[in-house]
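In the two complexes that follow, chain A is the common piece, with chain B as its partner first and chain C second.
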Partner chain A sequence: MSKIIKYVLYDIVRSKIVIAYTLFLLLLSVGLFNLGGSPDKGLLSLLNLVLLTVPLISIVFGTTHFYNSYEFIELLVAQPINRTKILMSEYLGVALSLSAAFLIGVGVPVLLFNASATGLYLVLTGVFITFIFVAMAFLASVITRDKAKGIGIALLLWFYFALIYDGIVLFILYTFGDYPLEYATLVLTALNPIDLGRIVVLLNLDVSALMGYTGALYKSIFGSGWGVMLSFGLLLLWVLLPVLGSRRIFSKRDL
Partner chain B sequence: MINLSNYCVRIICVLSLLLLGAEASAKTLRVCKSCAYTSVKQAVQQAGAGDTVLVAGGLYQESGIEITKPLTLIGQNNPVIDGNFTGQLITITADNVTIQGFTLQNVATSYRQDDAAIRARQRSNIRILNNTILNTYFGVYLQYSSNIEITGNVVKGENKGRTESSLGNAIHLYHTDDVEINGNDVQGHRDGIYLEVVKNSKVHENMSHQNMRYGLHFMFSDGNTYTHNTFRQNGAGVAVMYTQNVRMEHNTFDDNWGAASYGLLLKEIRDSKIFNNTFRRNTTGIYMESSSRLDIKNNDFDRNGWAIKLMTTCYADTFRLNNFTGNSFDVSTNGNSRQNYFENNYWEKYTGYDLNKDQVGDVPYRPVSLYSMLVEKVPPAVMMMRSFMVDLLDSMEKVLPSIIPDQLIDEYPLMKKIDHDKDRKFVQVLREATGAQ
Partner chain C sequence: MIKIENLYKSYGKLQVLNNVSVALDVGKVVSIIGPNGAGKTTMSKCILGMVLPDSGDILMNGDSVLNKHAYRSQIGYMPQIGRYPENMKVRQVIEMIRDIRLDVKEVDEELIGLYGLQEMYNKRMGALSGGNKQKVSAALAFLFNPKVLILDEPTAGLDPISAEILKCKILKEKKNGKLIMITSHIMSEIEEVADEVLCLMDGKVKFHETITGLKQQTNEERLSRAIAKIMNEED
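And then the complex of A and B:
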């Protein structure tokens, strides 16, 4: 398995896209920290970036990579290797390389400009989101053989989690505004990894005072050590679900 | 003829005052460990009207000092009067009393008598100067009095691990007129400065910080001016209610940051002026309810959560020449506004243009965002803050406004930040210098 991962990693590094991605993140984070004035403000701007671009690039890169290495996968399948092993090493190869890019591109500037617990949460959230969206990319690619369709599904998934979902939540909140919605909002945010990551970081910045009663409630749940663990546990669940789903489909399906 | 008689009366007055003065200067009682008087209480009892009691440095463990005649109490080398939690320290039951240069400490919480370090009732001409009051229930407590001067005192309480109801106020005035409160440093109490039915008074250059509830709290107190004060890190900020004709100028409201905090809370304030103040890092800069005909001009709102929360019960308020920078929300409201005017403010978020280069933007600015309306209506929606969808909706609403109140609009927003009068920085430097000691 580690041998396959090595090959995948080698292949990814050779394509130079990951290096470009690293430089892009590095440039943006250093720029934002220098522009933002205070480190906290830089962290906030960085949060927006992480929550929008990291999922997009992870999911698009994951899907294209899967389709590009289809022949390699077919070759491996012909060998006496377990299919699960093949898929998992492909997945880990992509996710690890993108996470490494993220750690260098965002983690290092955060460490330099704002080395705090909140910065750590932001980096952790980014890593989790990379893993989650690469998993979704693999799920989208194992569903269909057609490359265009696969990328379409992947983009739709990104669009749903980054944009449409929040719109739906706002609509629900607005429609049922007369009811106590604190716990409903809590459940709704747990159903979207991007929202979950955003809230974990926001609650640990002092913006949380703006959030009034709901914010206080959230802080009492997410602000403690247990709460942070719970939310990262939920994010882990978000990694596992698509990974297990795609593994199941991949091991049964006719290539 | 009338003039002449007036003149005579005046001369008699002056003469009698001189006589009194002569008598007063005649006697000075000294208190120290080796003097004739070893306790302040003893000396105060023995003193005649108009005498001066000079207290030398040292520790005096006593309480219940009652001043029943016009006296001047002066502490030299910072004498400490320690009540050891046995009751009120100084009670004033005479006019024309001065208390200067003491450290008064340790008064227990007493719900029945409201014990204070210095207390007066129905008296006039009282001066409380340069005292340090530590660890008391109430600091200075005056009722039904007039012509008061409270200057240069430090009132410091201990509010760690205590509840609001078990704390008293640092400076508490009730039904008292013509008060001057200058250059005091009050902290660690329930309210820093509490004024109820206090008229025609001046509150200048005080520093009120780390109080459990409000830095400044006044009600039914018309015609007062508040200038150059700093209110910092108070539990709920500054609250002013049911008052008219107030001037608040050059004050600083800093770091009142918490789920239920305000820089300045205005409730039922009328015909007042709020000029040249700075609101920095407050959860809400100004919260306004049922307030009308206010003139809010030349203020700086910087890095607040909400710069202004304007409830629909407010009307005919004017906002001119203010700077709004770095606030999460500039203005929020809970409905359609009635006749509140915004004009010539600088909004950092303004993205319009200025073709004729007159420094006034050609496109009106709408300070209320769709999302802030939504949050006002459905508080849990605040969890969507900084979501990309929210930004998108806000920009769409800015292009084609349909939901946000159409009357809340700045028709002539400024292109550049206003540099309010230059000398303010100088004043701030001065204040920092005096506050630091």
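And then the complex of A and C:
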């Protein structure tokens, strides 16, 4: 399997997109840390930008990479290699290279400017989000053979998790404002990996004091070490679900 | 060597393979013929595990191959239209496949030499002509000395000299006791290399006969006429 990952990585590095992505993240994080007054402020702005761009780039890059390596996959399936092994190598190749780009582009500046537990949470969240959205990209690509359709599904997924979902949550909160919604919002948060990541980082910053009752409840849950563990556990679940789903579909599909 | 039992496969409403049962033995060249869309390629892809049948079984040396992968070390496949990563050079493709199959000690590089593939080693796969891609496909299919060779329209797109080289190679490997399955539309070519003809029509086996048997049955000298006669008789 490591041999196939090697060739996948080789292919990705040659395309230079990952290098451009690293430089983009590096520029973004260094810029934001130098712009904001305090390092915490820089971290907050970085969090918002990371949670918007990392999912988008992961899902679009993952989908286009899958369709572009279709020939490579076809070549390998005629060899004595397990099909799921081919898919997992492709997945790990993409997820690992994008994570490496994130670690260099965001992890290193965070270490330099704001080496705190919160900074670590931000970096961890970014890596998890990368793995989650590459997994979703693969799920979208194994569902359909049509490249345009696959990228369409991938973009819809990003749109849903990054933008529409928050709208739905706000709508629910306004409509049912008369009821106690603390625990309901907690569940709603767990259903979106981006929100989950955002809250883990936010609650470990001072700004959480501004978030009212729900914020206090969140703080009591996510602020503790146990809560952080729980949310990263949930993020791990968010990685596994689409990965296992795409594995299942890919092993039962005609090529 | 390979036994196909009651194989069914449909793409949506289209029934491509409809209860196909065939037994194929080593030391023979079997030619699979039939009109376009009769299920020839689908059958080869089922043997390779690229297409998963709806029902039925495929046995190799008595063991089912469905949902397995190790058996593919004994199969060399040459696709109808070889598709390769466009950015990779010819050398990289061949080296990659060899790297993945490092366990195979004895490799057969005869076709690489005969086709002069070394001279195009530094060309990108995307820049190769259709015929040159076919040569790479052929070289890769024979590379690991597989027991079974599945060649899907091998000579379509090859120039006459290259086609002749391939035919000689096929006959040579037959003598080495291999099973070679060729799908083809060129009757003269089948007559040259094949021992048996397997005819598929609308996803069913129309007949599976030796070439001499076919000629005797129909009292014809040439294979193409013999086959035409059988087709007309049964209509």
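In this section, the second predicted complex is superposed on the first by the 255 of 255 C-alpha atoms of A that agree within 3 Å, B and C clash if a C-alpha of one lies under 4 Å from a C-alpha of the other, contacts with A are read in each partner's own complex, and residues count from 1 in each chain.
Rule of thumb we're sticking to: a contact is a pair of C-beta atoms (placed from the backbone, for glycine too) under 8 Å apart; a residue touches a chain by one contact, two chains touch by 3 or more.
Note that the structure is predicted; figures quoted are calculated from it, not measured.
**Q** With the two complexes overlaid on their shared chain, look at chain A and say whether chain B and chain C clash or fit.
**A** Partners fit side by side after overlay.
**Q** Just checking: does A:255 make contact with chain B only, chain C only, both, or neither of them? Give me first, second, both or neither.
**A** It touches chain C, and chain B stays clear.
**Q** For A:47 in the superposed arrangement: first (chain B), second (chain C), both or neither?
**A** The answer is first: A:47 touches chain B but not chain C.
**Q** How many degrees, to the nearest 10, separate the directions from chain A's C-alpha centre towards those of chain B and chain C?
**A** 180
**Q** Does the superposition put A:146 against chain B (first), chain C (second), both, or neither?
**A** neither
**Q** In the overlaid three-chain picture, find the nearest pair of C-alpha atoms across chain B and chain C and give that distance in Å.
**A** 39 Å.
**Q** For chain B, which residues count as touching chain A in their complex?
**A** Interface residues on the chain B side: 257-259, 261, 283, 305-306, 328, 374, 377-390, 392-393.
**Q** Looking at the complex, which residues from chain A come into contact with chain C?
**A** Per the stated touch rule, the residues are 3-4, 7, 11, 14, 69-72, 74-83, 251-255.
**Q** Which of the residues in chain A come into contact with chain B in the complex?
**A** Touch residues, chain A against chain B: 44, 47-48, 51-52, 162-163, 166-167, 169-170, 173-174, 177, 181-182, 184-185, 189, 195, 198-199, 202, 206-207, 209-216, 218.
**Q** In the complex of these two chains, what residues of chain C are touching chain A?
**A** Residue positions touching the partner: 11, 45, 48-52, 67, 69-73, 75, 77, 79, 83-87, 93, 96-97, 99-101.
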